[in-house]
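Letters A, B and C mark the chains as written, and numbering starts fresh at 1 in each.
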Amino acid sequence: MAARAPRLGLALLVALALASLPYWSGDLYRLHLVSLIGAYWVLVAGLNLVVGFTGQLSIGHVGLLAVGAYGFAILAGTLGLPPLLALPLCGVLGGAAGLLLGLPSLRLPGFYFAMATMAFALIVTELSLAWGGLTGGGTGLSVPGFPAPFDTPSGQYWLILAVAAAVTALTWNVARLMWGRALVAVRDSEVAAASVGVNVFRVKLTVFVFSGVTAGLGGALFAALQTYITPDTFVFDIGLFFFVCIIIGGRGTILGPLIGTAALTALPELVAPLARLGTFFYGLALLVVVLLVPEGIGRLVAVLVARVSGEPHRSHEVRPDLARLRQALAPPDGTAADAAPAAPAPLAAQALR
Amino acid sequence: MLAVIVSGLAIGAVYAATALAYNVMYSTSKVLSVTTGHLCMLGGVFGAWFIAGLGLPAGLGLLGAVLVGAAFGGITEVVGVRRVLARSDEHLWLLSTLALATMLQQAVGLWWGTEPKPFPRLIPQDFSAGLLDQKYWLPILTVLAMTAGLEAFYRLTLWGKLFQATSEDAFAARARGIPTDRVRSASYLLAGALGGLAGFAAGQLTFAFFALGLTLTLNGFIALAVGGLGSNLGALVGGAGLGLLSAFATYWFGGEYQQTIAVGLLMLVLLVRPEGLLGARRVRPV
Amino acid sequence: MSAPAPAPGRAGLAAEAVTKRFGGVTALDAVSLDLRPGEIHGLIGPNGSGKTTLLNLLSGYYRPDAGGVRLDGEDLSRRSVQRRPRAGIARTFQKPRLLGHLSVLDNAMLGAWRDVRSGFLATALGLPSALREEAALRARAADLVHGVGLGHALARRASLLEHAEQRFLEIARALALRPRFLLLDEPAGGLTGAEIGHLADIVRAVRDSGVGVLLVEHHTDFVFRVCARVTTLDRGRLIKHGTPADVRHDAEVVRVYLGA
């Protein structure tokens, strides 16, 4: 409990800093950059449940981003729907596309699945070129912005921040509650997952559809931020970028991929030589992480923290508490539930780290 | 119509060659490397550079392209596979070979440029040869020769038999004293050389293009999965089928739906026969 | 232990003349076994005699080539692995299959998955019902973890556990399922004498709560000590079935397995 107060304070401080960013960021370019990170994060947060928690290696989520972006441009632009209505519709659209992609591919083994997602990204590009009447073909589409009060750079930023915060909260709940354990079970041992009755395919599909929804939302926000989209906006490299953000940030954490997304988006913008290397830099970062810290940098930090402050490892004889066991095994009669001890929440702590 | 068939078979030959390279590496390591298509890309780009850029004779250009392919195959094994296989995590090789493929593609793009460049003529032939042009029959003959050569290698040579023993049961092979690590290294060098050769032979068809690798990694894999993982004959059948399908799809619908139709074929085959047309049914380990 | 009581009605988990082949090898040849609520049933035999195959058939990892698996008389053969736990069948593995990245408590809680009523959406929104459910399952899992003697390691990563702790945690996870039948695959493997004693206490406590326990085991002393009935397999065939005393002195069992 003692550790909770400073952590809560830190979280409040970060929230305050993020909310007031437009007042101290200095220039509009930096604000745009943070808005872009936010739009990416809306997608990456959902993808993180697929890749980091459930272990399904989707490298083609840029296809779902494109579905959301084109959906927004068409719904709010061509059809003239209110942008604030088009935004959730893009989530629905992304979810439907996720279902379409996940249904045939999530039963396949790992490499097959990765290739299917990559093919999906290429197919979306192909279709966006082929259906010129809808998408503007190679010329692309201009994207309307959001109405007041979200029509200024600051307003747009706050809208993105709100959606990103909401999506983060949703994934945090999933990660820390029973579903989070089921996801990790599917990732680490499908045999163990099935042995406790987890329907592996259904769990994978549910999470994948959710990631489609967040990708659709992220795509809509991204498109509004870009103001103009073409098929070239959604090159395969971006899908790779999302994937690398998560692997570098670490499996099974939320904060790690968040930092990964922010760092990998901002670094090439702030350090000019990295921008020239572009995708090479992402590949190199991925290789270094896979070879040296395969669990990701987030995990490395967690391990170091645990080593500094952690409990010393003691050998301890296993001595069953038979009275408590018998009580726990007794058919529920109302008394057992009252004996609940206040246990800590290790998974939640891990998810935040 | 004949033109569609010939061009379909020619591009199918490139897919089949990529699928063969997949098989060679998969057999000894049970790894499907994302760098497989990039081996062919290297053959095309370096072949063009050696001959058109440096002015070397075609024979030396071929040798150079094969060596560059083999070198990158070796790098894939040393950096992307060897260290990762030592750990038991099944997904890490996908990440490491993906990282290598990404780095290579971007490096070639920065050095060679992102526009496709023409590949020099290898054999004196008039450009009006039409369907008899070397850009069609060179890749087809090359992949047929590669398949025959691989079969002969596996059946007739000692190293080929070591490959097969490792492929069937690496654990038992190691127990019988076969240096499975060296067999694996050799298989990656071989796959690289084959990829370089195929990319060189198909250069006039595909052009020397840095982004070709990723396309071939995907379409070569589709050919492999359709034909059946582990089967060289299946690789040929899958490659030819996919090439013909793409060519006819372009002929009927225009080029816009090529990838969509290729993936449609894959999903259809996987739905009906998960092990591919000529693949061995795998026993599920519990 | 008391003599086996006749089963009331057809309550129980039963393999009826099941046959399982792998390629040309017949791993099980028309073997029958019935496990009743509230009994500990031992399954012994030499390596490769088909013990684990039978357990995999009962827990749904394999489908029988002939014969059937019945729960209270109802045919289970066509039900997938993932649906067996819902019918109240839990198991452990020869080599513990824990989630090394998660804590001990998280691993035990995973066992309670079949009681999770909150859907993905209710969970993501953090609805009060989902939070209440989480707290209740956490309390139950914590009781079980303490019960099997791992209270000192509640928050430890499962990958840091010692061997015996891993085995006991797997049992706690299986019990979190509220099973009617618990299938244990060599739970005493690698345990010290004292630890086997604790294991026996746990298994008896589980039996006393009305759960039927199937014990696939090589430690015959342990089996004869805790089991009411024992089934012996050899090369896929059932060679003897009866009380520990019957089995221990059966000439065939002594010849193929126990030794002189």
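In this text, a contact is a pair of C-beta atoms (placed from the backbone, for glycine too) under 8 Å apart; a residue touches a chain by one contact, two chains touch by 3 or more.
Everything quoted here is computed from the prediction, not taken from an experiment.
Each chain's centre was taken as the mean of its CA atoms, and the one lying most distant from subunit C is B.
The chain pair with more C-beta contacts between its two chains, of A-C and A-B, is A-C. As a whole-number value, the distance joining the C-alpha centres of subunit B and subunit C reads 48 Å.
Subunit A and subunit C have Cα centroids lying 38 Å from one another.
Put simply, the C-alpha centre of subunit A and that of subunit B have 34 angstrom between them. The residues of subunit A that reach two or more other chains are 191, listed in rising order.
Annotation for subunit B: residues touching 2 or more other chains are 286. Every residue of subunit B that touches subunit A in the complex is listed here, in rising order: 32, 79-80, 83-84, 87, 89-92, 94-96, 98-103, 105-107, 110, 214, 218, 221-222, 225, 256-260, 262-263, 266-267, 270-271, 286.
Interface residues of subunit A facing subunit B in the complex, by the touch rule stated above, are 55, 57, 59, 104, 108, 110-112, 114-116, 118-120, 122-123, 126-127, 129-130, 191, 236, 240, 247, 276-280, 282-284, 286-287, 290-291, 294.
Taken in their complex, subunit C has these residues touching subunit A: 59, 81-86, 90-91, 93, 97-103, 105-106, 109-114, 116, 118, 120, 123-126, 130-131, 133-140, 142-144, 146-156, 160, 162, 164-165, 168, 173-177, 194-195, 198, 201-202, 205-206, 208-209, 211.
By the touch criterion stated above, subunit A contacts subunit C in their complex at residues 169-171, 173-174, 177-179, 181-182, 184-185, 188-189, 191-192, 194-200, 206-207, 210, 251-252, 311, 313, 315-322, 324-330, 336-337, 339-341, 343-344, 346-347, 350.
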